[in-house]
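Following this message is one structure expressed as structure tokens.
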């Protein structure tokens, strides 16, 4: 969560959960609502939202949990603004808010001093925005979580608007740092397509199970498209898959093939998997669980919670990578060991990242030409990578590129 | 180099240089001919060929230096057999031999006891073979260096012939191990296409320089195809590029776009780079040097040996990875540091391996159903990976999957 | 578990649990007795003991769980033989057996054909043996788990006996492989003393907590000796610590300082920690939990299960390393993160391994001069390291150094 | 090189070479004097010294090349100040300067405004100082390169003076960052002693060769002490060893055993190695070359430049680690491969670092209680580690802990 204060008014940008910390303390997200909010603040799981004074709007850049998940706990009183799709995701988690869906490129007045516009950009969930705040003291762009994927099959980054914003002048760019230390640019979704097409034609028999993020609609579409080519029936299993797919279909971001089946509740999953056991060569299961989340359908399939057993010759396609913290790495490693003990073949890394690499960031920087840069969303090592990049482009540390830690403020 | 002995007659399979050892002792391959052969044997750079008795044929599976490079030193007296393209590569290095170009799937009699056939398979150089030896005591398949890339734009693995060979019975499979410990299958060349198309459209100005193996004709074609789409003029620089391209064009494995220029000698390279300095946005340079080989054109471009300077905003596309031994890693790291010091942007990993991963190997094993497996071309860790894979498929160590070290023999 | 069969009689060597697999399936060792033995075999947690026919003795080389832990499940009918200290450890776990404590260097007749002797060697638990089997067909030495630490403060390797055994002739050496790929020799316990002395004098205030294996009596003595020098009161907490200390004191392997307190049950631990809260500068807590085992006292201290809170300025000394599998690495990383969140300072790596490195193994090989070597206790990569070492010493793979997988047999 | 400017006067602190960059461009330090100074600045090998205006003193904290090596190139006009031992090292490299040897704890007036004192601290070369600048605007402590080794056999950190300095008030601490991200404290030299004693008693025959830094007098003493216990004759080979040993003996920092022989020039080295070849079990060779520097005696021994051959059964003791940049890692790896090819046994890591770890730094911070902290000597990741540490101790980024890049200035 980031606050931008101009003339005594504050705009809050995003309001998320720290998922790695949550996991360290063994909290299940679904049980989280029973936990005391102060405890969550103390454990650094949710932001200390009331440190921000006179908040006039809670803006949401996109619908990932680490950007919206704290809203049900911090219960913002200010209006919550985003484009329509993320607003629906917030609504699912938090019914009490004052929610506004704003169209891309539509100027929305927050107060006399401040207006906001949402600029379309690619990421790994539909309707991600570069947030443009227009204030008395200049424009602020908030670019927290994006990549520049010109081969995205879902949306296109609005380069014209980005360049125009740069020409109009940007006082400050607040920007994510996750992969700024990775050379080159983040590969496009077409790489996933190429890998997937290859693997699907290569595998000759047995059940195929793929796992990815339920919110990654573009990836789900990629998978379903490629499955259609090999003629298997797609079964999409699990509540979060079902919810995200329903929403994406409603907004026109996803088109299911006619033979696809979506099962949310355990009983229907059980039934579907019973069918699979009879004709495993004809089905393709898509579900969550690539980080071995204990409640995921994949883990429950493996633990024999359904009328289903993995068999020698089945295949598991990991269409998402784990977030590389030690617990995830370990859980994933155990998951793979158990699958291999059943004779399941593993196909990893059918995935590309949703985060900008060094050259994506350089392009954004050149398009926006901001007076100041404030890297965020990353360890200090990652944010330091932004200092190196900006230095190559003529910025200077502490003059116009700034490093601040969580909980700190700076004035420019 | 592997020898297969049946009834007192030996067939030699490949005859290569250990490139990593060479490099450790600072030998330049071009000066190697001055070095004493016995010294090269002592240093473990070339095989001790005369340990093989009564050699009736020297077979070559493909034209990489680690498979043919020792031929000029060991000077085989037996006929040298391969398909026509690798035979031409051998001829360039060694004029003295008794060379035979044999067509794919044509049975060639080596002796009364032994016949050979070459089966087409994909790898990272044209005309790579699975070598099928038909002997009195059963058939032997030698699969040293291959991948199963069904999206290769150059050749197709002859699956029909492979399966028929399996049905006819295979006594022994001798097979490479480089990547058998890597899960899944090796990605296809289409992944390189997707990445390259993305990067070429992404970069807005400055000179683009790409580097890859001069023998990797398929990759060169991929690069030239994508360059054509963005309208730059390709300049292909260096002797080894020129020689390989000439050969590949002659055999119809490569089609240069009409505006491509190929320059082999330093004077012409210098001239061409002079042109580049004037209109760097219009050119695309393709050359060798991704392992920072000191004689490569790329390194000489960087060391200012030509009428050329890298400039801020130029881009370097690494369309090949280094062989991961410490010296290569270090030299590559120094190369990148020097490029970055000039302001050159680095795009890495526009590459897929030419070696089979675990699932490619499993498929070959299932198609061939050999009685025995002998992993080779790899460290003992890598060869042990083959033991693990074969055990999953019902083989048992020391019974029908065998581990032997360099210099050892085994009987089956 | 290893079986040596001579003339139709089998000697079983060790009989342990696979701890990493156990952990993967979330079993608590203390609940294990409720689990079905066949399930444990299927999961590869305990050996399939009844594959060995006509077992005449169950020999135990030392008291670690991965060498004795399966005895309560496989319930050997043959007599269980070891030196007195490990026999007492087995007795704690399994009361039903026919247990014999044999003194070091005493020849014990198992049958007409076979005698056994135990030769003292250093490791990380008292009374570890090189097991010498004297059979009709020659002598077998079983060296599974040892190091050569000539600065051990507890015991000395019986080099004279080892060399004499070598001179008498050894047909087969069965030997562990855990660290054969590590160059040099394993450092001695004096390195731990030097580090510990330094750290204990360096820390100026706050509570000190050290954690190590409860079975590592030598390490416990090292720690208590150094704590005595800085004048703090040692508190030793936890059941397994108490049990091991009692046994070691009874056998004269450990001498507690007069002011040391040992508390096994939660109530007494709670009381002792209450005292610590009042004068934390005066105490030194020694306990288990360096792998973040959920039931360990350290983890319960951290989870506030006692009348105790960690405070800023406390120190945690890790006097043992985790076994480097992903789950352990992850749990340890979470443990450290939680400690650091409380302001606890971390001192890692006050530890040396208990396993022989490459040069320890070379020395054993040279002393014993066995006709054959069979590496065990290690992945195939680790066992392959033994092949490399033995090759340096003139052995040859498949002739007199052998690689076999779990479940396999070989004849020599 | 760091400049501290108060009231228009600047004090320059250290003036070193970037050794990793030098190596990247293949410069030999001994040939460096032929290279143009501007080229060295452009390559970022020496600092751009004339950016500092009105320099009143060039202070040297200790005698390592990365702290003094640029002095012969930048030729400071201001007086060069240090304690007597480093001053002699500077004199060896640069005869033209105005050199002053100042005793520890003696206040030396640089100008009306500024005085300097040198405070003794432990590191890996004799007479390393914490530099205390007393200025009109407060005291500055420069702590660039130190560790807190209370078991150093050469010198003791002057804790009393450090604490008194803290009580007198410190405006700014400029401090190195090399290992601030390493938990715990840096182990003491006694750890090296324990390892060395163990290894020397363990090895039974063959020549022993140890390699370390020629400037690391304490390590050389440790080695010679332990060699004396096993009764071998120490041969110390090479010019830099000889020069450093002469200086250290003159200052009383080193005492050679009576039977030690020191040989500087190639002819005498050759003679001595001739003797070694006759009785290799009786000698112990100490020399440089652990980073495989091509001119080192070790590398020349291996390349057969002397009347000497390594033999199977010889041992190489690495009593220093490589600086972990890719080139060093690669060269060291090649060195070890070549030694192993000759049958030489490798003993690594008989070494402890000379740089403070996180807890050493915390102790210094607590003793000095500076108003501001400026981390230097390290990558931005390493300096960021100082931000994390200082934050734990109540400092705040950009308020009283500052990150600046090379070439930048900040005011406090």
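So that you can tell them apart, the chains are marked A, B, C and D in the order they are listed, and the count of residues begins at 1 in each.
Methods note: contacts are C-beta pairs under 8 Å (C-beta built on N, C-alpha and C of every residue); 3 or more make two chains touch, one makes a residue touch a chain.
Note that this is a predicted model, so its numbers are computed, not measured.
S.K.: Contact counts by the stated rule: is the higher one at C-D or B-C?
M.R.: Higher contact count goes to C-D.
S.K.: Are the interface residues of chain A and chain C largely the same numbers on each copy, more than half shared, or largely different?
M.R.: Shared-number fraction above one half, so same.
S.K.: Suppose each chain is reduced to the average of its Cα coordinates; what separation in Å results between chain C and chain D?
M.R.: 40
S.K.: Based only on mean CA positions, could you tell me how far chain A sits from chain C in angstrom?
M.R.: 45
S.K.: Quick check: how many Å separate the C-alpha centres of chain B and chain C?
M.R.: For chain B versus chain C, the centre distance works out to 47 Å.
S.K.: Which parts of chain A, given as residue numbers and ranges, touch two or more other chains?
M.R.: Touching at least two other chains: none.
S.K.: Okay, in this complex, where on chain B does chain A touch?
M.R.: By the definition above, chain B touches chain A via 148, 150-151, 183-185, 187-188, 190-191, 193-195, 197-199, 201-202, 204, 336, 343, 345-349, 359, 362-363, 392.
S.K.: Could you please specify the touching residues of chain B with respect to chain D in the complex?
M.R.: Going by the criterion above, the answer is residues 24, 44, 326-327, 329-331, 333-334, 337-338, 341.
S.K.: Could you pull out which chain B residues touch chain C in their complex?
M.R.: Listed in rising order, the residues are 380-381, 384, 387-388, 391, 396-398, 402-405, 408, 410.
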